[in-house]
């Protein structure tokens, strides 16, 4: 590669690299610095060592928020992945009407987050919401959903299962990349559908599945903010109090930007660990081939 | 200089090297308020009247409906160094900002004023805005908690209207008679009362039982919710929901909140301060009035007041003061009082027809003035809003029957204790 | 006769197995949208029903009018449109430039950049809020639409850069090299040759970027002070705060904010969902 074409490539990349520097790397540096200060947003920050971390260690709400976020991720990510995989397998084959089905499955993903949260607050309304009327008609129990501490988090997991359009599309692309000949030769060998799924589809799809699940973990750290803010404000009794909401409340409600930033660092660390895990799982990411 | 401080400083210096934004021409100020659309209308007419007398100053009105979001907006704007030039803040919330020097003291502005002087104000609403000897905001009102009631529902149930000196028991009896299942599905469709389980609603009941909310009114170090008086108040307050069911339960409240139920004619009595009036005047399709807070062992009310405050970061303080002065002149307070929004903090305006106009609902407005001698204020403390949030969450759990009432009170004390200590 | 019947029933069976489940699933996924629409047509304040109501009786479209009286939603709509349009165009520009640049790097630099982009993709934005807020405040752009559009500077999401990169990698590099040998600058090659070949990626990234800016709730919530700068998602929050259980009005506003997203989806979905059907 000549140095001039290298320079040209860098020229093309410069807005992206500059943007990343300004919007990610610099803020990350500021976050890191703020995490070791007491800062109320108005008077200059004062260095206070690891006090923010000690405060979080003492403060039970911090543990509640972290546990809720982890609970959400461990429930939502596998279920969303299964849902996306199910949709992709079901709507994979090209046939009449397939575009309509795919569009329908993608539609909830199109609804803007705030509207989506409001719609589900209505659907899950314990007395007048349509969901409980249907459950009652089927003779099933009708929980108070967002008002019941035992059901609130589950409700938010449940509603997230309808917004799986992106995962569905990515897995559709993954299925496209599996060579047809593999299935044909398997059929000649007399392998059943189930056998084909477990021995061809799943192994060849697994890099996509794992990449998707890691992305979903990072997204799920984030995506709980809007539903928690709009639907429950973190309640009832902190049942839906997640880390992004806590960061926001610490900084802008309680004027403790330092602890907010410290919490930020912890979220950083957790996602970094997950990313590294993924890095060691796939040496070359398997992404550079196509 | 230590290395870590140096690192920090470098990062901040680098950030400050970037050009700060210079805006706001000298004749333009912004004014931030909270409240429902009907309340907003009151401030719009205030701004209009101001523009007539002061055409040289333009006022941009910023409206945030919810008080919790309002506080966050203000915190964010202060951090950004660009808050509105005039902000309305409740006395329970301003100390957080005053304690970090984000507000400009107004003593000198007020003493130089030719239009208003501090003697014109009710001291009960003026004093809470004095922070460490300095006046931080000018109070617009001196409201207190009252019971709004639907007269039509009382008539339909053949009940007498609440007397000015009614008691907890009389209130409960009325509420029970007004809680009704109208369609026979064995769940109530009409509730006797609507009451929010928060500390600010609970506090007057503690006082009426003869108890105290905090250990020291000026230098509080803890909530005193473990006294026998507080337990007595809790027994009454919580039982309204979890024993007598005259108030919607958690699911019913989330399905349709009590204020909507009241406005839609399906809740007979609703606890609120004066600020509900503009909305009720506009939307209530029934006959209504206000009644005094029912009495316990003693009579006590709780202060609700909001002040006009002037952020230190305002680039246009003189124009901002001119607006604050106008808003709290007899002329300005008359405009807002006429909308129903405030119980004016200027004694002269409070006793004028602008507030006591008998042609406008509520007819019984004088009870707001009658209760002033019994009004008590919550402590002014930088962390008070957070203390209220946490205590409120515990009160909620007891109110809706999800926790043992006394244990909830103990937890409220324990969980807020550390917040009373302020690190300078 | 018998054979015909048999054929017919086997056809039905095939239809059922091939279409029944997809139809059921589609119906399930359409339910939230349907309920949003149906609840928006109810008269506010009327006693709620105690039975399931598919279409409210009586029906009203008045809620769509009253939300515009309560809040300056027209203004918010324009703001949202401006932020979204600018954000999408800038995103297409930076992301396609970066994706093209990346495809022209040597293998080692490319791998490094790829890994960087994927790591960036993993960072939750909430980890950057506070610092970005402090930073934007110093820049003096915190109460402006630029604070909302800023992510477009880095292509909004590293995923978008990767989408362009994968597209450009599939194109034979000889095409670009001959053009450059003929004296075209690298920017010209990108504009005249690379971009026209990347139509599906442009459509897909355009759609996803549209959703990003149109749906953005957190950034306007954090940055915007002046009400005349508000975008629709904040308007919905305001409406909720004014009357949090007034479902007909809240649903009408939800429909209002969803419709443009639906329209964009309807126009561009082929690029994302149908590419293998034609």
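Should a chain be cited, it is by its letter among A, B and C, assigned in written order, with residues numbered from 1 in that chain.
As a working rule, a residue touches a chain if its C-beta (ideal position, glycine included) is under 8 Å from a C-beta of that chain, and two chains touch if they have at least 3 such contacts.
Note that the structure is a prediction, hence the values are computed from the model and not measured.
Undergrad: Give the label of the chain whose average Cα location is farthest from that of chain A.
TA: Chain centre farthest from chain A's centre: B.
Undergrad: Which chains share more C-beta contacts than any other pair?
TA: A-C
Undergrad: Where the CA atoms of chain A average out and where those of chain C average out, how many Å apart are those spots?
TA: Here the centre of chain C sits 16 Å away from the centre of chain A.
Undergrad: How big is the gap, in whole Å, between where the Cα atoms of chain A centre and where those of chain B centre?
TA: 38
Undergrad: Touching at least two other chains at once: which residues of chain A meet that condition?
TA: 29-30, 125, 127-128, 248, 251-252, 257
Undergrad: Enumerate the residues of chain B that touch no fewer than two other chains.
TA: 15, 76, 79, 254-256
Undergrad: Got the chain C residues that touch at least 2 other chains?
TA: 48, 50, 134-135, 222, 237
Undergrad: Using the touch definition from the top, list the residues of chain C that touch chain B in their complex.
TA: By the definition above, chain C touches chain B via 45, 47-48, 50, 70, 133-143, 222-223, 225-228, 237-238, 241-246.
Undergrad: Which residues of chain B touch chain A in the complex?
TA: 2, 4-5, 7-8, 11-12, 15, 68, 71-72, 75-76, 78-79, 96-97, 100-102, 250-256, 383, 385-386, 389, 393, 396-397, 402, 423
Undergrad: Which residues, counting only chain A, touch chain C once they are in their complex?
TA: The contact residues of chain A facing chain C are 1, 5-6, 8-13, 15-20, 22-24, 26-31, 34, 87, 90-91, 94-95, 97-108, 110-116, 118-120, 122-123, 125, 127-128, 130, 133-134, 137, 162, 169, 172, 176, 214-215, 218-219, 221-222, 225-226, 230, 243-244, 247-248, 251-252, 257, 260-261, 264-265, 267-268, 271-272, 274-275, 279, 284-285, 287-288, 290.
Undergrad: State the interface residues of chain B toward chain C in the complex, per the touch definition above.
TA: Residues of chain B touching chain C: 15-16, 18-22, 30, 32, 36-37, 60-66, 69, 73, 76-77, 79-84, 183, 185, 189, 254-257, 260, 263-264, 266.
Undergrad: Under the touch definition given earlier, write down the residues of chain C that touch chain A in their complex.
TA: Its residues touching chain A are 18-19, 21-23, 25-27, 29-30, 32-33, 35-36, 39, 48-53, 93-95, 97-98, 100-102, 104-106, 109-111, 113-116, 118-132, 134-135, 150-151, 153-155, 161-162, 166, 169-170, 186-187, 190, 211, 214-215, 217-218, 222, 232-233, 236-237, 240, 247, 250-251, 253-255, 257-258, 261-262, 265-266, 269-270, 272-274, 276-277.
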